[in-house]
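Each of the next two complexes has subunit A plus one other chain: subunit B in the first, subunit C in the second.
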Partner chain A sequence: MWRRYLLSGTVLWLAAAAPASAFMAYVSNEKGNTVSVIDTDSWTVTKTIKVGQRPRGIEFSRDGKFVMVAVGDDDTIQVIDAKKQEVVDTLPSGPDPELFAQDAAGKVMYVANENDNTVTVIDLEKRARIGDVQVGVEPEGMTISPDGKILINTSETTNMAHFIDTSTRQIVANVLVDARPRFAEFKHDGSELWISSEIGGTVSIIDPVKHVVTGKVTFSIPGLRSEAIQPVGIGMTKDDKTAFVALGPANRVAVVDAVSHKVTKYLLVGQRVWHMAFTPDEKYLLVTNGVSNDVSVIDVAAQKVIKTIQVGELPWGVTIAQP
Partner chain B sequence: MSSITVTPSRRGFSFGEYVTCLNGIVWREALRFLHQRERFVSALVRPLVWLFIFAAGFRQVLGISIIPPYETYILYEVYIAPGLMAMIQLFNGMQSSLSMVYDREMGNMRTLLVSPLPRGYLLFCKLLAGTAVSLLQVYAFLVIAWLWDIAPPPIGYLTVLPALVLSGLMLGALGMLISSGIKQLENFAGVMNFVIFPMFFASSALYPLWRVQEGSPMLYYVCQLNPFTHAVELIRFALYGQINWISLGVVAGCTAVFMIGAILAYDPSRGLARRGPAGGET
Partner chain C sequence: MIGRIAIALLAVAASTGLGRAADPRYPDWPCAQAKVPEISLAAVWAGPPLDDVQGKWKEDARITALVEKLAARRTSLDDAQKAITDFLAASAGDKTTAGKLLFTGLFDSLNAQRSSVMNGIERVTRKQREAAERIRADTLALQALQSAPSPDQSKIDELSNQLLWETRIFEDRQRVVRFVCEVPTTIDQRLFALGRTIQQEME
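Presenting the complex of A and B:
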């Protein structure tokens, strides 16, 4: 009998001691013109990949085989092979691509071209440009509704969220938000669209059906001027209960109750926190700190920053997947 | 011829006798502490004032650096927590020394020192008793700090214990050494000005040493030589499950030196400060 206990105990201990399956995080370094690869098991940079000039928007392909990075000053999207960890191809965007979104099947990609006031549509299988949508001035934030029918683009100078029908590629609605909208994120159930406004200092909550702003998340940190609070990246947990908002030069990530839209906590991270990505198991959230050149790791359940890792110069975006 | 039997003097004491002695001294110290509730409250209020009031105004002092043992950016109140834990022990060590001066003035010390057990052991028991009391205070502070969102990893509460015992012994031994040189209770105010304040402020308790170095390289070296700095760093690293070997060496070495100094100073035949018989000054 005791042997069985010993055996099961050993098995349990081994299971507990075995490291969690590691993910690979790719961080675009805007000024360093590189992409840093972080192993989420050891939390170390395992490789630095040389890419084009001014890499910003970065995302894994839906099949997890490639990492696509918008290199703005080279006016293209570069494709990194996740196995070889080197640039293997390019995609045709418009001038100065910044952020992009893919459809659920990973067949079509929409790219916001900051200098051209357009959104470029790319067929990912043919790796060819198949269309353009004219939007507001300085397009940036990009996301697709969970049902895949609506593409959202925010234009930084026009201060609008454009609702684009993905089948007709026509704008069906425009919603005015606070100054300099940077990033758009849907709740997973599609009930709310969140848009961060960098200069306005708020996150607007939009009803995606009625196309109206139904609420706003506001931020206040004791001892900090309100101008220093500049919301940019947004991360929503899969259960749609908690959102994380990067507050730029406030050096904080706000933890927001996504139901009541109230901030519950501010987490101290590095300087000019910008974008973020969850690990696929949603255990950790990685945020890029542009000015301090590092990435902070947040334990999602504990809502605590557990580590900060040095990466390249001016980290901007981050994407994570199973290698 | 009388039938009085004379027990020959024993060459040693049994383990049980040593434990009884330790028990007695620790229990007396604990009772004294428990009966002085104000002392417990004031021991807690002092670091909490620093934490709640002082730390609020000094949030920017850390700048943007990540310093070991921390693995990410921290708020100032998180930084000063280990310093305040060491401060509790510093004050407690000095308070114990104060109580030794008091005991000597009041004659209570005679009761302690007439014990047949070795003088060094008696002093060590007294030191342990004082350290145990400081541990109670520190853990009470940690509970309040936790409510203030200063939450080291759970294992840290355990790993900090040996560091706290060692730093408590060092600061207690220092207090004991100082108390041997103080003849009257009134002189104790000098200890505040000449020991507690310089030790606390010229250390890494309130600001990281790289910040001190920026302001004054000279002060930086003073801080490095201050054993209190190493007590703070030992506690800081242990609270995050790590060992700062240099600090461990310095604190262990200083504990031994202060302890030996105190034993020598309290030995009537070799005392550093010549005194009358214990408890006989008044």
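Presenting the complex of A and C:
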């Protein structure tokens, strides 16, 4: 009898202690020149990794073994070994890399170099530069279409989204969006391309085949000046039904019905919310708050902020390994 | 030589902020951070409504003194947060009103501080634009003097010297602007952090 109690107790204890969904989130701290590692089970920072100057764009390699981080002021991309949790290598980008995108296979990487109006193409296996694409002034946002055929790059100065054919590396179309486009995100089914405009205060919905703007997501928060609404990061659920848009100094993340393109809710997070990443099970969404130096955790189903985690100075990007 | 420096400098100035305002609404705004003219209450306060206490903080001498202390950047954030905790603990009877008054005071004061910094930044942009015009004109004048059939060396020296000073002041101001661009954000940060402490203490 006692033994049975004891045993079932142990089982319970084990069940409670075994992490249901422990993922590691990596956050780049632009001013702190560090990367914070967050355990999504305990929601604590378990390690702070020293990296180069001005880390911004950050992403896991497709195999989940490495974290790549663009360190703009060092004109390179550093490679962090996720097991060792330290910088083990660098990749050859152009000057002032900010953001980058990988193809579906994780073999080719495209880097937006803010200072020389180019996108650098890198072979990830050889870790070598294999080419450049001339794009608009101050390239910013980067993404690849789900079929891998088109690379999207946004230009901060010309307010355009450039469509680049990944096989010929030539620009095949330019689409004008609102002022200071920041970030580009495809729906998983490839039917729509969303582009946020920081100063324009909108998200443009683009038909990726016809290359035209078909709609716009607009934002309005009672009591808040329109200038404070600066859309940047976009996160789309895998079913393409719900999108989350970070609104910068509005200190809010908008929940958008991705079918009707209407905002359904605004979630109060930290200051100057910038980029975001889902946990692989899509239970949580982590967003970086650059001015309050923290990360907010959003419960995706409940559409509620459940936690705030202090990280380094000026958190910018976040990435979580996909299983 | 000087002329070449000045021209190079102008090229730099033209490509880094001066004359290139990202936001057409604010042509004099030189910072990379998009301009938000004032902080909205909804961006920094998630506590109880403040309509009933608007403007009243100035009537309470204890609140005005504390607001002045907390709003000053020389008071460290840690000290400021401790002062809030102490003050609200001592106002146990009416913590909510005290917290609301304190926050409206901080909101008004820090917003005013921030506006004056932003106005200053835009004033400097306008001054820099004038200075750039002057440097351009003086450079052309110097080139004309140098290419005259019988150059007047003393005038050339005088104008070269003037140009040197003008460009130096111009460069220094450019550097300062980049630094000052961070100040509005620092104020946002302070208001948000203090607001969060007040809300926590009120709960």
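Simple rule for what comes next: the second predicted complex is superposed on the first by the 303 of 323 C-alpha atoms of A that agree within 3 Å, B and C clash if a C-alpha of one lies under 4 Å from a C-alpha of the other, contacts with A are read in each partner's own complex, and residues count from 1 in each chain.
Quick note on the criterion: a contact is a pair of C-beta atoms (placed from the backbone, for glycine too) under 8 Å apart; a residue touches a chain by one contact, two chains touch by 3 or more.
The structure displayed is predicted, hence computed values, not measured ones.
Colleague: Should the pairing of subunit B and subunit C on subunit A count as a clash or a fit in the superposition?
Modeller: Result for subunit B and subunit C: clash.
Colleague: Tell me which partner A:S292 touches in the superposition: subunit B (first), subunit C (second), both or neither.
Modeller: Touch status of A:S292: both partners.
Colleague: First (subunit B), second (subunit C), both or neither: which does A:L268 touch?
Modeller: Once the two structures are laid over each other on A, A:L268 reaches both partners.
Colleague: Does the superposition put A:T237 against subunit B (first), subunit C (second), both, or neither?
Modeller: Neither partner.
Colleague: Please work out whether A:K307 is in contact with subunit B alone, subunit C alone, both, or neither, and reply first, second, both or neither.
Modeller: A:K307 contacts subunit B only, not subunit C.
Colleague: For A:T48, decide between first (touching subunit B), second (touching subunit C), both and neither.
Modeller: neither
Colleague: Would you check which partner chain A:T218 touches, where first means subunit B only, second means subunit C only, and both and neither mean what they say?
Modeller: neither
Colleague: With both structures fitted on chain A, tell me whether subunit B or subunit C touches more of subunit A's residues.
Modeller: C
Colleague: Using the touch definition from the top, say if A:S145 reaches subunit B (first), subunit C (second), both or neither.
Modeller: neither
Colleague: Is A:N251 touching anything from subunit B or subunit C once the two structures are fitted on A? First, second, both or neither.
Modeller: Once the two structures are laid over each other on A, A:N251 reaches both partners.
Colleague: Can you tell which stretch of subunit C collides with subunit B among 43-51, 133-141 or 169-177?
Modeller: Clashes occur only in 43-51.
Colleague: So which bits of subunit A does subunit B touch that subunit C touches too?
Modeller: The overlap between the subunit B and subunit C interfaces on subunit A comprises residues 223, 251, 268, 270-271, 292.
Colleague: Which bits of subunit A are touching subunit B when the two form their complex?
Modeller: Touch list, subunit A to subunit B: 223, 251, 268-271, 292, 296-297, 304-308.
Colleague: Touching residues of subunit B toward subunit A in the complex: what are they?
Modeller: Interface residues on subunit B, with respect to subunit A: 59, 64, 66, 71-75, 151.
Colleague: Using the touch definition up top, name the residues of subunit C that touch subunit A in the complex.
Modeller: So the residues of subunit C touching subunit A come out as 22-25, 34-44, 46, 185, 188-189, 192-193.
Colleague: Sort out for me which residues of subunit A touch subunit C in the complex.
Modeller: It comes out as residues 156, 179-180, 198-199, 221-225, 227-228, 230, 248-251, 268, 270-272, 291-292.
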